[in-house]
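Both of the next two complexes hold chain A, though its partner changes from chain B to chain C.
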Partner chain A sequence: MKSITHVAQAGTVESSDILINLAPAQPQSGIQIELATPTPKQYGAQIRELIRQTLTAHGIADAVVQATDKGALDYTIKARLITAIERACAPEGGN
Partner chain B sequence: MQTLKLRRAMMFMPGNNPAMLQNAGIYGADSVIFDLEDAVSIHEKDSARQLVLQALTHFTYSCEIAIRINHIQTPYGFRDLETVLPGKPDLIRLPKAESAEEIQTVAEVIARIERECGFPDGTIKMGAAIETAKGLRQAYAIASASPRMEFLAIGGEDFIADLKTTRSKDGRELFVARSQLVLAAREAGIQAIDTVFADANDDETFLNEVRFIKQLGFDGKSVINPRQVRQVQEVFAPTEKEISHARRVLAAYQDALDRKSGVIALDGKMIDTPIVTRAERVLAYAAAVRN
Partner chain C sequence: MINKVGRLIPDTLPGYAEVRPYSGPFAFQPSGRMAGARLRAQNPAANKVLASLEQAIDATGLKDGMTISFHHHFRNGDFVLNRVVETIARKGIKGLTLAPSSLNDINDAILPHIESGVVTAIETSGARGKLGKTISAGKLARPAIIRSHGGRARAIECGELKIDVAFIGAPCCDKAGNINGVDGPSACGSMGYAMVDAAYADKVVAITDHLVPHPAFPISIPQTQVDFVVELDSIGDPAGIASGALRISRNPRELLIAEYAAAVIEHSGYFNEGYSLQLGSGGASLAAAQFIREKMKARNIQGSFGVGGVTAPFVDMLNEGLFSVLFDTQDFDLPSIESLKNNPRHLEMSASYYANPHSGGPIVNNLDVVILSATEVDVDFNVNVITDSNGIIMGASGGHSDTAAGAKLAIVVAPLLRGRLPMVLDRVNTIVTPGETVDVIITERGLAVNPKRTDLLDRLKDTRLPVLDIRELQDIAYKMSGKPESVETSDEVVAVIEYRDGSIIDVVRKPL
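On to the complex of A and B.
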């Protein structure tokens, strides 16, 4: 299991993008997702599920995620989340 | 008939822009270059290469997708390769190439990742941009450094800065470099791609430049604006007159072969081997455009 050591961000609030803020959480607290999206009814559940799946696939069990969606497609959500994970788990972020 | 790989317009797109990456195929460019180098700030190199990887994995593009990586002497170049190559781009474009060794180093990384990912050997091609006097002196060595090499490009702005001059409207300062680049590419049997033209509002100078570089022998041009794609393609497209003439040349040539005649003429002009070769190229080009 990977653990998030510090807060990290990835993405932007430009159209078709998503801004991900990833923060550490207490062990065993699970994945908490706060999502702001222009299409909560249509895609809210799908975006939350994609965030959860991507974190789990990268060995993250506990995290606090704030996501500001601007109409991002799945590939962008996944890319921004993976970048946020890499930054949040790296000693100094790194790029 | 041999099918040519067209690279008339190679369009740059910033690698960290989701809206552009997801629409990359709609502009009609022969190649789209996802840029990880100059278009991406040093603070966003990681997010750009991850976005490019996910785009490559998620979409099936109708055009060739090239990735311009950062130079391998920067802290980013090898990370770019390690991240994006598993997404199976069509081509890697190396900026500021100055030696055959750089090409071979990148080619070795590509070969290793192709093996690791189970891609057929040689799937991912390469191109390199010459942007310095030193690079131009090594142009043939760079062009012939790997069988993956598909083209040499000239990076005009950096090259002009290296020459310690400025860019003029008619591009006279680039004349020697452009000519030498075409010569090196032709000697190596690969394509030559011209530099970008930055002023998207100056159509007249842009079109003059495209006609000029076509006449020098270039196969295409790097572009930064979607509007320039069609303009370049129209200049490079063979005209109906050229196609008709090429057909007549080949017909006359075939007729002479059938008659075992040593002298071939069309409309009172002698036809020899270079003219036949040129006619074949016009028809191959026209066929590639149709496809």
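On to the complex of A and C.
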């Protein structure tokens, strides 16, 4: 299992992008997602699920995710999240 | 009851003696006679010019429960509507129906007077900003009535919309009430929407910041229709009324849509000597004007007339002789206002001449081609321009359904996705324009032809244009965005969408 060692972010708040902020969480606390999106009713559940799946696929079980969505498509969300994971798990000062 | 476009319409609606469901663009045959203003007489010695708005409101006899109207040519620079409603509120008059030709963001200033019950009903073309949200939240005593420009003219002329007092922002006015829109510090150009109000309201107040010696010239609204004149320091903000000449879009997506639109027109069979054209004021529409202009020059085609909502690109085409005449209900920029003032081939027209379906025939009936924008479209070619994807009112019906019904070729342009939201849906949130009057939908990923237009399909299939089935377009969008969950609404009707003939094409229900 990978774990998040420090706060990191990726993405922007430009139209069609998403800003992901990843922070460490207590072991066993699970994945907590705070999502701000212009389309909560239409895509809120899908975006949360994608974030959860992507984190799990990268071996992360505990995290605090703040996602500020500006209408991003799935591949954008995934790309930003993976970058944030790499930054959050890398040694401080790296990447 | 379920209407012809499959929408569930309540059997009764506040404000309607009889609810007529939409049953086709030309299904309804009107009967009866036109309505009219109350007869009045003016003594030669009488003075129409009053010292204040307060005096004018008193002089009209405005009372609780009456209907007041305004025109929206001043757009986001309008001071008149807010000032008049504010003044009425101070007099303690309540329960008014507000019936402007449209509402803009600047009119959010009247929200306190909706809360306090001065304005309890709204009949208009559309609303934006906080006003749109307020209507969508059901804060009015009865559902708002949304009409197209032609539908509003029809409703006024047949008496369904009975205006007690029309307040007309008059950029140039004389003491007898002759008005034009082309002179003065608040010049807005055409007075097309106000013309209908002036002709049919029981009382008409001209509000001006440019009182000129009698007679004003030219005369768009004649003194015979005006009861009182009030002079204010300023009736509008020129920067909000008209922009400078708009830049042509550099947005590659809009440019691609515009290129497709111009190519569809070129190959449609309607691109012939003497054809007629209306363009919307959206980015893709304006960009299309450039491409159409080049094609007209290249093929040496002269059009008969253009219709607007006039913008500078259309004025350029008039000046170059690419169109013989421009018909104008509203101007969006300074070059258009100048052109209306100086070019005798640039003609001002009323909203009724533009689009009233229950008349001897509005100019939209003679249109060959119109390019319209859309908020959403659906696989049945229905178009929404009034509510956003959350079901909140944030747009206007305008001339959309009027021109789509009248024109031989109605082209709707929209991006395939806005942010993550697909714009080709199974069902649009709200139908303003029925799919049976829409011929082609153009996106940056391809275009779809209404299957009933087999003639158009035949003409376009041998071109290099990316002609797809509407379902294929939807699939492309859904593959990128995922299928959106539908937005739940309550049963409470907050707005009624009238088709141009007065039938009910849809209702807006309060979002949950």
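Simple rule for what comes next: the second predicted complex is superposed on the first by the 92 of 95 C-alpha atoms of A that agree within 3 Å, B and C clash if a C-alpha of one lies under 4 Å from a C-alpha of the other, contacts with A are read in each partner's own complex, and residues count from 1 in each chain.
The rule is simple: contacts are C-beta pairs under 8 Å (C-beta built on N, C-alpha and C of every residue); 3 or more make two chains touch, one makes a residue touch a chain.
All figures in this text were calculated on a predicted structure; none of them were measured in a lab.
By the touch criterion defined above, A:Thr39 reaches chain C but does not reach chain B. Residue by residue along chain A, chain B and chain C are tallied for touches, and B comes out ahead. Of the two partner chains, chain B is the only one touched by A:Glu86; chain C is not. Legend: residue contacts after superposition of the two complexes on their common chain; A:Leu73 is shown touching both chain B and chain C. Once chain A of one complex is fitted onto chain A of the other, the partner contacts of A:Gly11 are limited to chain B, with no touch recorded for chain C.
When both complexes are aligned on chain A by C-alpha atoms, chain A residues 15-16, 72-74 touch chain B in the first and chain C in the second. On the side of chain A, the complex with chain C involves touching residues 15-16, 38-39, 41-43, 45-46, 70-74. Only residues 389-390, 417-421, 480-482, 484-485, 487-488 of chain C touch chain A when the two sit together in their complex. Residues 17-19, 22, 42-47, 50-51, 53-55, 57-59, 76 of chain B are the ones touching chain A in the complex.
Residues 10-11, 14-17, 72-76, 78-80, 82-83, 86-87, 94-95 of chain A are the ones touching chain B in the complex.
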